[in-house]
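The following pair of complexes shares a single chain, chain A, combined with chain B in the former and chain C in the latter.
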Partner chain A sequence: MIDYAQINQMLYEGNAREVERLVREALAEARPVSEILNEGLIAGMAVVGEDFKYNILYVPEVLVAARAMKAGLAILKPLLVASATENPPRGTLVIGTVKGDLHDIGKNLVCMMAEGAGFKVVDLGVDQPAERFLEAAVEHRADIVGMSALLTTTMPYMKVVIDAFQARPELAGVKLAVGGAPVNRMFADEIGADGYGPDAPSSVEMFLKFVGAT
Partner chain B sequence: MNETPQIRVIGELINNAYGRARTAWERRDLDGYQALARLQADGGAEAINVNVDGTQRTSVRPAEMLEFLPRLIPALQEATDAALCIDNPDIEYHRTALRALDRSKCRAKPILNSLAASRHRLDEMIALVREHDLRCIVMASERFLQGGGSAQSLDPRDSYETVRIFVDRLVSEAGRTLDDIIIDPGLAPVGADTYGLVNIGLDTLRLCAADLHLRGLHFSVGLSNFAWGTPKSVRHRLERAYLTLAGRFGLDFALANVEQNAAPLPADDPIVGQLESALLAGRRINGESAEEAGFRQAEKIMDICNACAET
Partner chain C sequence: MFLAVPPPARRSEVESVLRCTAARVPPLFLPAIYEHKASFIGSTPSAISRSADLLTRAMLAEYQALGADGLVVGVDVYNLEAEAAGCTVTFYEGSDTSIPGIKPGNHIVHPGDDLSHAPVPNPLRDGRMPVNIEAARRVRREVGDDYWLRGAISGPFSLAISLVGAEALFLACLDQPAWVHQVLEYSGRIIKAFGRAYIDAGAELIVFDSQASPELLSPPMYEEFVLPVTADLAQWAAAQGIRDLPLIIGGNTTPIAELQIRTGCNNLLCDFTGDFDEWAAQCRAAGRALRRNISPRLLETSTPDEIYTVARREVERGRDLPGFIMGTAVVPFGTPTENILAVKRACLDAATA
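This part shows the complex of A and B:
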């Protein structure tokens, strides 16, 4: 019998091989794909996020855990795609660093953790204009659009993106979230963002609230 | 090779990421700023970085910065004759700071921090360097795109090309000597380096060091970025180990905290070799993605952190 706590532990320790092996074992036992995803990988990554938030785990450890999560996810992905109607992702996140800004380490952490929380993540990369955020939100039917900026000179561009979304009534349901070193809640409120993520784990908690998963 | 290189420090404490600077900013406390400047000059900083930008904890509007600089710059000059290093991507910040600056009170040229391919009004910034006879920091980590625009450099050859372009322009258009130019080859958090940026920066240093036409250029990195997200017990040793490695290829400046002893570690300190092998592990092999290599690098950094925690 597969023990999901063991998958969680191997993921926490960043042991990609063991995660892979256990995920295969669970599949061999004919456990539902969504169950393996939720109880094995997502639950494991949630503990990683929690411990990262409280400085029990550090950044390199989070990356190594994310690698293990991805290894398990790579096995499940084809099966998840095949059964997408029964096992929809928790939501779709379109995310990018705004125009003029080339920083993305924080954003990449958010991507890894959001993926680990069961979201479909569309990473646009860096230096993205408002039009790209709009196009991708439409194309991928985004539930959430995340914007990152690391410079005070590029931060105001987040408002440009938000204004562009607000000018499109059909996208009114899309939640707009912002983050990045110089960004804070006051600024997020001022520019009309739906949310602000001070760090990667908190951002994912916010995303989960947005899609009604917590 | 085993000689420990010397690093000249640009003191970074005037930055709202530091609590003391944030307190000084919130109160617009010139005495507080002067104390920070003195502390760094006395601690051996060759230049004092001046960054009053916003952070997660403090919202700062551009207008607030521009309003405060005319009082801040003279106050800092009263406290120290060390060069001021004016740090902002926006030209108006530099213009305002330079207007308030009294050149007769500087023992060395002020530094414009920084020029980069992505800067708006780059031509005007270069003109400002000429007009005020400044040193400047140039980001090699961005490249110019053909047909305009810019992008992150993910290849040391592109970073090196950026260096060549800027050096040409600064020499011919701004009357600079190579001694006036400080190249920042780029540095990323070594434990979350899924593009291999740390190695790209080191390779950029190597390429520049091998170019005889670039002899005399200076090189600097923003050091606190390097060990971001690692435990406190190991952070500064990692930073100092990086200085030892990068110093071999000509790094001679660092934007750093003088209080944390921004001096390279001796080459035979075990952590230097450990970092070197972590970075070697972070190099891509057999067509794998940069992310896969970055994960391997993170794993090695994790091992260094754990070993430090145990001793």
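This part shows the complex of A and C:
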């Protein structure tokens, strides 16, 4: 009988092959897809996030864990799509690095952890103008729009994006979140962001609060 | 050359600080100015980073406006070696002041590639290396020999990230550690070639390796991968006659302070988020010079008086530390000159306090 703690552990160790095997085993035991997703993959990734936050794990370890999670998720995805109404994502996150900024390490970590927490993630990539955030938010019916910047010179562009959203009343329900090395809470408040994530795990905790999942 | 501000320290004074012979009051003033150089001549980072004429003019304007105790040749300091090796850099045209960079995906080395015979760029021919080398030569001619002029080189880990891509390299650190050592060795060869050309042009060196920050890479991984190749670089530099080699890693690097000391680089950085007391204790014990930065956001958005207050506090903290240097984090493009000079004023006033 499958032990989800084992999936959690294999995911933590970045052992993609074992995660795949155990996910298949759980399916063979006719465990519900949502149970495997939540108790096997999402719970495992939550531990990774927590340990990353407290410098027990670093970026390379998080990346291999995320790779293992994706391997398990790839098996579940067709089943999740088939039962989308029973297993909806926790929310939709549209995220990108703002215009003029080509850095993506932090953003990618947030993407991986948000996906690991059950969100549908739409990654716009780097160097993204405000219009692109708006288009994607409409197209994908985003619950949350995340903006990342590594440079002090590109941080102010986050306000341009926020102003563009505020000029569109029909998007008033979209939560606007910011993060990146030079960003802090004071800046986030100044530019009217709904939230600020000091690191990837904290960002995902904030997203979960935004969608009422905690 | 005419200076609008008090003159910089002489080379012998700089050496005395870097070698920690005594605490210097006022401390050396070394602001971190790269893309902001362009604003001294009303240009853009993309423009000055592609023209030896503009880069020279911008650096001389920076020298005249600030009178800092050292200058760095370099704008987008993490791109030059990777670009010369074949990576594509994105530039911004017209009045766009964005900083040139390598877009994710534009990397030329793939995990597992055999790099044992990979070509090393020629600094006098490839990419924009010749721009920096020529600017170094011209600026040296203008400011004279009695001044600390440094050519920016990438640290090996940061160059490896530019060549391979961040995620691929981080994953390889766990999946293919022997190959990561090979990439770092290749990076080291490229950096040394670039460094040698700077030295021939009359500049010294400064190493930037912020991608090796403990905010990304664990201290044990720094020790395994980055320390050996950085120590090798420092030894190589010493053999070329470069006795004073700064190593710049931004972010809170306190967890790898001791490892950075072991690289042999003699001028280290405690960024504004780092633990100054811990850093100072380690540098005092090891005889390393220590630069303290203040926040770039403070520098960009606060008044000169507010900046002066913070800078004075930091200067006082380092007052008795041999090798203490007052710096700034990377100055954002367009920061008012009076804001940067507030830091210099804080340094100079320490001498009369």
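As a convention for this text, the second predicted complex is superposed on the first by the 214 of 214 C-alpha atoms of A that agree within 3 Å, B and C clash if a C-alpha of one lies under 4 Å from a C-alpha of the other, contacts with A are read in each partner's own complex, and residues count from 1 in each chain.
Note that a residue touches a chain if its C-beta (ideal position, glycine included) is under 8 Å from a C-beta of that chain, and two chains touch if they have at least 3 such contacts.
All values reported here derive from a predicted model rather than from experimental measurement.
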| item | value |
| --- | --- |
| Side-by-side fit of chain B and chain C on chain A, or clash | clash |
| Touching partner for A:198 - first (chain B), second (chain C), both, neither | first |
| Partner chain(s) touched by A:126 [first = chain B, second = chain C, both, neither] | both |
| Touching both chain C and chain B, counted on chain A across the two superposed complexes | 14, 58-61, 63-64, 67, 100, 102, 105, 108, 126-127, 151-153, 155, 181-182, 184, 187 |
| Residue numbers on chain C that touch chain A, as the complex places them | 35, 90, 92, 96-99, 101-104, 166-167, 170-171, 173-175, 214-218, 221, 251, 255, 296-297, 300, 330, 332-334 |
| Residues of chain B touching chain A in the complex | 17, 53-60, 62, 88-90, 118, 120, 141-142, 150-152, 188-189, 191-192, 194, 228-231, 294-295, 298-299, 301-302, 305 |
| Touching residues on chain A, where the partner in the complex is chain C | 14, 55, 58-61, 63-64, 67, 99-105, 108, 125-127, 151-155, 181-182, 184, 187 |
| Residue numbers on chain A that touch chain B, as the complex places them | 14, 58-64, 66-67, 100, 102, 105, 108-109, 126-127, 151-153, 155, 181-184, 186-187, 198 |
